[in-house]
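In what follows, chain A forms one complex with chain B and a second complex with chain C.
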Partner chain A sequence: MDATLFFQTLVNGLQLGVVFVLIALGLTLVFSIMHIINFAHGEFYMLGGYALFYFFAQFGVNYFVAIVISMLLVGLIAVLIERGVFRPLRDFPLRALVASLALVMLLQGAGLLGFGPEDRGVPAVVTGTLALGGTIFAKERLMVMGIAGLLVVLLYLFLHRMKLGWAMRAVAQEKEAAALQGISVNRTSAIAFGLGCALAAGAGALAAPMFYIHPFMGSMPVMKAFVVIILGGLGSIPGAVAGGLILGLVESFGTTFAGGVVSSMLSFLILILVLIIRPTGLFGHE
Partner chain B sequence: MNKAIAIRLLLPALIVVLALVPIITDDPYYTHILIMICLSIVFAVGLRMILTTGQLSIGHAAFGAIGAYTCTLLVMKADFNFWLALPLAGVVAAIVAVLVGYPTLRIKGAYFAILTFALGELIRLVFVANWGGLTGGNVGIMGIPAPSAIHIGGRVLDFDAGVFGNIRGYYYYLALLLMLIAVWVMHRFDRSRVGMTFRAIAQADLLAECVGINIMRYKVLAFAVACFFAGLAGGMLSSYIHYLSPVSLTFHDSIYFIMFAVVGGVGTISGPIIGALLFTALPEALRGAKQWEPIIAASLLLLAVLFLPGGLVSLPQRIKARFEAIRGKEAIEHGVA
Partner chain C sequence: MLLSLKDVKVHYGRVEALKGVSLEAEEGAIVGLLGANGAGKSTVLRAISGLKALTTGEIWFRGERIDGASPQSIVSKGIALVPEGRKLFPFMTVRENLRLGAYLRKDRSQINKDLKEIMEHFPILEERKGQQAGRLSGGEQQMLSIGRALMSKPTLLLMDEPSLGLSPLMVTEIANIIVDINKGGVSIVLVEQNARLALSLAHKGYVLETGNVVLEGDAQELIDNEHVKKAYLGG
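Up next, the complex of A and B:
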């Protein structure tokens, strides 16, 4: 295999992986704090994409401001959903999972009704490519990687440097002990859910100029996100980062050398094998 | 128990009425809805059986797809008679369920749900991959023949010709038969020691294991029986629709099967039947506003999960309990108690 192709595939894989990381981080954050498997995570990604479409492509708001608006808006919607749906089901994980399946249908149906079934395009923000020793980087993808990487770092700093982040990790570790320290489990859970969904919305907003937008655009990314968080270990943030990058590379090399279908099969096979052989994933602990 | 007697009298009457449907109506549209309701019930009661062992499968439709492809390929590529291919469709789905079930049914709760979700996608991709040109990839398989005609004592039961002037009459009878067999089998399980063991495993698997129950064997059994019937329903569906593709039975159908069982109620076998009836008839009732159908269906599921975990079948009991609570309170207030 020649070196240029290898490096190009590597770079493509990393670019793909960073977007996976962003989607998976929100999913794993929600799981670690609320023990909820949210199948509707992809629908928040979809809502983020549409928010960007309306604010950036329709209303002419600055791209970066539009990303922030879409994250805030979707985060707010998520907080309301947490209050109405997931908080009452906190002690019933399987019922919460079924509720999230209902949300998949509900939000996709609402998207179809509200946004229409047609594909929508968002104009590219930056165009052109950068060539570095034979490997080609699309500038747009580099920017997406940069923003996604920044969001990951910000999340890490939030969880490790800020009081609210500490509270979240405390709730994730031991709910009752956290409550005894005066942390409001309800408030922390709501913020964590809003934050997790805002990250999905951010990923959707970042992906919007690269792909078309439609009401079912969240189905595929959430599948990948499940593979990522199972591979990395459910609830583990470093696991989601490592899992996302690994999956990005697997998909990129798989698609280049075996085709898209086989590479998708490979990712689901990884999920199933990890659950059978090592359910805690690479970074998980019981 | 006059309730038991009522059921014993009503049930045969209901079956007679159902058997008379092609005579009562020759409308192909209503017959189609009834066929779909019957097949939905087959999937839903199976899913409920898996649920009674405490496992939630989000990939049940994939086993229907396995049955559908097995039946179709045996008939179209290997020249099997449909009436041999159909039971084999169930058997293949059950074999896959056993092979997959042994290593995976140990996994519980949300992990198993995610696993079945991935499994469903993996199975769908196998049909997309079109290895050896067998499945036709995303295009699927067109022109699937009707079940071969049956010759009984000089009479020919020809599926293409219909019965009593109802062109879908024989398909209806086949779907009805499948549904009645599935419900009967599941009902027998429910009432038996095996069914009780399923529920014991769901409630306390560790305890069940400690009293000497081989819980894996029971979980695999429930999974395999449910998938056997899913395979049969899928096999019949493909020969009825005459078309099959990887999107014929997907994740969305799996959500619907969960919806049938959860909204109807998983406590008794009548729950998923009521759920399947309600949700298969719902889009027909909303024909003017079809885009609202998934929203209304999903809202009903959400309401059931939040406020009625026992499903619709638990509603009379809940109302009765509430009523008695009010009466009891009044009695205390009036100093009668």
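Up next, the complex of A and C:
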């Protein structure tokens, strides 16, 4: 393989990887606080894509502003869903899991009714390429990578520097003790769920100009995000980052060498291997 | 009276864990709450802290009724719990655990002073301040759990079996700490299976059996009581 192809595949893999990281971070955040795997996480990604489609492509709002609006809007919807669906099921993780499956169908149906079944395209935000040492990169991919990377850093700073972030980590580690320090578990869970879904929406908004938007676009990314958080370790933030980048690279190199089907199979083969060999993942603890 | 429970009943599902418990804690005192495993001691503390709702009954603290209030609001009124099993934030550092104890406080500079003071009081915590709480030994974890509770500046400290699982040497150290905290003006409700320890520290004691208070009195009275001797002090 020549160097140009290698670097292009590498950058594609990293770009794909940071989007996986964003989706997986939301999923892992929700898991660590609420102890449920939210199967409907992909539908928040879908909603983020549509929000971007409407605000950016239809209403002509600035792209970056449209991303922020998508995240806020979807985050808000998520907070309401936490109140209405997941809070009453707090002490029943299995029921909450089933409810999240129901939510997949509900939100996909709502998407179908509300947005229509046709594929929607979002125009490219930046066009053109950048030549670096003989390798040519699409500027759009570099921008997506930059924004996703920035969101990951902001999340890290939020969790470690802001009082609310401390509260989230405390609730994730020892719920009752968090309440005893004066942290509202209800409020913190709602905000964490909103934040996690807003990250999925951000990923959907970032992916929108590169892929078509449709009501079922969330199914595959959420599966990939499962692979990521199981690979990295359930509930682990560094794990989600490492797992996402690894999966992005595996898929990118896999696609280049063996085609899309094999590369996708490879991801799920990794999932099964991790479950058998190291069920706690790369960074997980029991 | 600083704290009083009046005819408190608590259920877990259909099981009645507290069957009408009344008890009182005077300002400045250490009150011991004794009883065998499953007697309802932790449930009493959980009810006071707002973690467990009452079925009926009342809890009063400093002339205010507090049953039904959220754990947050109860901490803010000046009641802190050192829970059974320590319940630290295992992946946070010692310092972060202590800092979280002051979660509701806004007086930043005073918080830092208190943090220093607690580290001076527990030199081992100072030494380990950057380590994850989950990696401490049992005794160190107990000190951290106590330190974290003190960071909220409580008037009343509830302690749930602080001696559990510790070496005899460590138990003595924790006992000294409890006395020190009390001398510093904090009232204490001390739950213990180790009746000897509890009665040696407490001014007043209650004996709980299957959800009922069966005996109460000054610590010395309880030490001399035949039933207590037989059932709790090993003859």
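Convention: the second predicted complex is superposed on the first by the 286 of 286 C-alpha atoms of A that agree within 3 Å, B and C clash if a C-alpha of one lies under 4 Å from a C-alpha of the other, contacts with A are read in each partner's own complex, and residues count from 1 in each chain.
Note that a residue touches a chain if its C-beta (ideal position, glycine included) is under 8 Å from a C-beta of that chain, and two chains touch if they have at least 3 such contacts.
Predicted, not measured: the structure shown is a model, and the values here were computed from it.
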Joint occupancy of chain A by chain B and chain C, clash or fit: fit
Residue contacts with chain A in the superposition, chain B compared against chain C: B
Partner chain(s) touched by A:Trp166 [first = chain B, second = chain C, both, neither]: second
Chain A as apex of chain B and chain C, Cα-centre angle in degrees (nearest 10): 90
Which superposed partner A:Thr129 touches (first chain B, second chain C, both, neither): neither
Chain B versus chain C as contact partner of A:Leu180, first or second or both or neither: second
Distance in angstrom between the closest Cα atoms of chain C and chain B, superposition on A: 15
Touching both chain B and chain C, residues of chain A: none
Of all residues in chain B, those that touch chain A in their complex: 56, 58, 103-104, 107, 109-111, 113-115, 117-119, 121-122, 125-126, 128-129, 251-252, 255, 258-259, 262, 291-295, 297-299, 301-302, 305-306, 309
In the complex with chain B, residue positions of chain A that touch it: 37, 39, 85, 88-89, 92-95, 97-99, 101-106, 108-110, 112-113, 219, 223, 226-227, 230, 234, 261-262, 264-265, 268-269, 271-272, 275-276, 279
Chain C to chain A touching residues, read off their complex: 49, 51, 70-72, 75-76, 80-81, 83, 87-92, 96, 99-101, 103-104, 148-149, 152
Residue ranges of chain A touching chain C (in the complex, touch as defined): 163, 166-167, 169-170, 173-174, 176-184, 285
